[in-house]
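Worksheet: one structure, shown below.
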Amino acid sequence: MSSREVKLIFEKSREGRRAYSLPECDVPRKDMADLIPEELLRQTPADLPEVSEVDAVRHFTALSRRNHGVDSGFYPLGSCTMKYNPKVNEDVARLSGFTRVHPYQPEDTVQGCLELMYKADRMLAEITGMERVSLQPAAGAHGELTGLMIIKAYHESRGQGKRNKIIVPDSAHGTNPASAAVAGFEVLEVKSNERGCVDVEALKALMSDEIAGLMLTNPNTLGLFEENITEIAEIVHNAGGLLYYDGANANAIVGISRPGDMGFDVVHLNLHKTFSTPHGGGGPGSGPVGVKKELVPFLPVPLIEYSDGRYYLDYDRPLSIGRVKSFYGNFNVVVKAYAYIMSQGHEGLKEVAQAAVLNANYLMKKLKEYYHLPYDRVCMHEFVLSGVKQKEKGVSTLDIAKRLLDFGYHPPTVYFPLIVKEALMIEPTETESKETLDEFIDAMIQIAREAETEPEKVKGAPHTTVVGRLDEVRAARMPVLRWTGHSK
Amino acid sequence: MADMKDFRFSREHEWVRAEGKKAYIGISDYAQNALGDIVFVELPETGAKLSAGDVLGVVESVKAASDIYSPVSGTVIETNQELADAPEKINEAPYDSWIAVVELDDESELDELMDFDDYEKFCKEEA
Amino acid sequence: MSRYIPNTRHQQGEMLKELGMGSPEQLFESIPEEARLKKPLDLPKALSEPELVKHMQEIAGKNANLDEYTCFLGAGAYDHYIPSVVGHVLSRQEFYTSYTPYQPEISQGTLQAIFEYQTMICQLTGMDVANASMYDGATALTEAAVMACQAVKRNEVLVASSVHPESRTVLKTYSRFNGCDVKEIGYSDGRVDLEELESKISGRTAAVIVQNPNFFGIIENLSEIAALAHKYGALFIVSADPISLAVLKSPGEAGADIAVGEGQPLGNPLNFGGPYLGFFAAKKELLRRMPGRIAGETIDAEGRRGFVLTMQTREQHIRREKATSNICSNQALNALAATVYLTVMGKQGLKEVADLCLQKSHYAYEKLTATGKFQPVFSAPFFKEFVVRAKEPVSDLNRRLLGSKIIGGLEIEKFYPEIQNGWLVAVTEKRTREEIDQLAGKAVGV
């Protein structure tokens, strides 16, 4: 990584410089004042930067060199499935037949887009054991919200509008309770038991005729499969509730087990995790929502249908919750996921899950001697260590994470799930070789040793990055959220 | 430094210091320590009527937001505007940095709170 | 073996042995028998890379794309020019294969780009603070309504019927569940009907929402609406076309409290509707109620400038059910595209794009109305899009144009049945005089 400070683009601006090139106006020109009354026009110009094309390219290239991506190196960020993003998927998604198509073009001119979406819907339904899938939600959290709205609409349609409570485990991701609140539900928390799974007795105690459903991640955020899933499904269903599947962790089970067969009624998948679409520095993702048959009428409009050799957008769905996003979702992300599934086939997908779970168990086995492993049993695609042993020496999980930066790794997810103290959540994914895992293991062991023998070195980390630890307290107390200078 | 005899404490780590019917409310040294550097305090609105246990405001660190519960019932008559610009005052002097003044509905509610010695013991047990 | 798995069968065997296992099936013993898949997934057989490319080309080939067709369709998604630089920057793996910058020391690239993006959005909208992006313009508008309700502690939202129909539908979907009470305000001569607004607004109103230019392409008088909203203590929310902001009065100048919009025109391909980005900006008093991620400037121990995600206590990973929004992953790469686009266009370039749109759309409007076959529908000023009335059903007209490789305007009747045979035509800087003349010629028919 390059260590010289990169000035803000605004600080590089010089009046009169330009990087753009536009055609001359080839129609008879009119005075702007004749077209738009003065009082509707802007008074002060937007102070955008003025740079040359070389300046722009150098600037963003310099910025990119201050980032770590999956192609840069190992990225075991738990719960995020930072697997390798195949290059060919990027290429095919860039075909003009996908990128240069307007969403309101006549249906006859977008048969390819509709076909791809229809087939993606069908394949994802098969993978999850659901009836139909809407590709409209833009990310996991958006899928959760959509799914929860569907659950509410379903209950309302059956005169069960009083069902206004959603149960969420204490190990759940923050988006679960947040989405439930946005969908107008009250959130009840269910405890995890000593095996890291939903406490079935506690769950039973929460059941009532006000329960709309239970949200579950499976494998859960500890990387453990909810072993009582069938019983859990029965409890919730018997009480009249539905089961929602947070598919963030589906990489562990694709081709092995299907949420539909576990008893779930609604699922979302994160195409940007399980199906290898790149994370884009925070997005765009895609969070398709699949449902069982009884819930299909409530899916957002439009769904894509096929008849008489023609694909079409079906808006005639009177029970639908409506739209959750404009147009048809993050279509181009779906193109990449579709390409991925087509390149894997059923066998490939199953091998992916097996390899991901094998890699995680191998890492866990090698690291548990050095770090506390609160739930010591076979894990799925990820596992959660605790830095409590190191904490006794004054070295926190944050310090361990920062020290990993010096070895060229992206650290694991830290301090999540909330039920594990000093949590380090490690997800290697299937796209890492044993050699990479072994090197990472060595680094983790070295850090554990350093925590014993030279804790200051760990606490002072990182030592090799372009900036050291940044003062987040200052950032929050005196927020500077935009550049406020004036360009030259 | 404040005289700790005048302070009463809740199990949620708020303190109350009453001057007649006026009760000053803040968070304890233990609480500010547990939160770390406080970066923001959300103050209540004056005039708000509270029952004991209602949310009075929020204190935030970089990675946590913690509700402050009013240990007593009453009406908010004043808030500490100084904390809006300098939330770190709570870290520096928790017992001088009151968050709000509540006019008490019922002074006897104070008797249900812990005194400083009991509170110290309570904190030891928590830790 | 799946081609993206590096470990050989031999290595996998070794690793299993290390775990004391004989087969990979043993890894899945915690999955109850009844939940296990008993047969292979019913999926097409795996394609090799050359087969995959061919397959994808075939599907893509079934679409009419704008390399081959001339586009006069807009209605919320526009065929603006995307400078070459944008695609090249976005292809840097350091940007597109990374995730949310939670580890600032190795994410300064993304964080600084977000900070620059936030600055540019503030500059364009005239607001104080901006977030790092929302899913799209429609969800940004919806989140703005939710934020306004919470800030003002009222629950009625008045939305102009000249706001994009899909944005209004998304707002209504959310409102059914979150308790916002959405009411529509009609239009007169294509602009917000101020009399109707005045009759409906009250002390219950949390926010007034308009779009500028609105769905008909018409420029609203924002300042008047702002004054009315503020008179009743409501917030004023403007959803703006970012290109237009180079020349039109900014939401900030007009007195808006929240400015949102669809960011697609800023360097993002049409992509059959997504991924795009929603931009979201507000007055600083509303900062702590904002949804989404926000980057801020700070320093390290040596005093070096750096950027971090800040004000995170608003967000779901900390506040959970009390968070200001449930958004987590956003549209970061699309926001980066917008940042690069605005950098390349710069202060002058964006104005030129806006001016070209304005000139060419007016030329097209005159050309079409001069044929006598198209009537004006509204008389209010417009920016890059306008409505005319055809003498035949628009679907017939558009079908005819397709034959000449022209993608015609929107059949606006689909959304506004009262505008019979209404045609919403968009003209960006990319359309040439020749293309516009051809449109007018072919549109007249025989």
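Residue numbering begins at 1 within each chain, and the chains themselves are lettered A, B and C in the order written.
The definition used in the following text is that a residue touches a chain if its C-beta (ideal position, glycine included) is under 8 Å from a C-beta of that chain, and two chains touch if they have at least 3 such contacts.
Worth saying up front: this structure is predicted, and the values here are computed from it rather than measured.
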(message) Based on which chains touch which, is the overall arrangement a line, ring, star, complete graph, or other?
(response) complete
(request) Return the chain label for which the distance between chain Cα mean and whole-protein Cα mean is smallest. (result) A
(message) I'd like the Å distance between the centres of chain A and chain C, where a centre is the mean of that chain's Cα atoms.
(response) 19
(message) Centroid of chain A to centroid of chain B, CA atoms only: how many Å?
(response) 39
(message) On a C-alpha centroid basis, what's the spacing between chain B and chain C, in Å?
(response) 44
(request) List, in ascending order, every residue of chain A touching at least 2 other chains. (result) 472, 476
(request) Name the residues of chain B that each touch 2 or more other chains. (result) 40, 60-63
(request) Enumerate the residues of chain C that touch no fewer than two other chains. (result) 318-319, 322
(request) State the interface residues of chain B toward chain C in the complex, per the touch definition above. (result) 40, 42, 60-65
(message) Under the definition above, what is the set of chain A residues touching chain B in their complex?
(response) 415, 472-473, 476-477
(message) Show me the residue ranges of chain C that touch chain B in the complex, using the header's touch definition.
(response) 288, 312-313, 318-319, 322
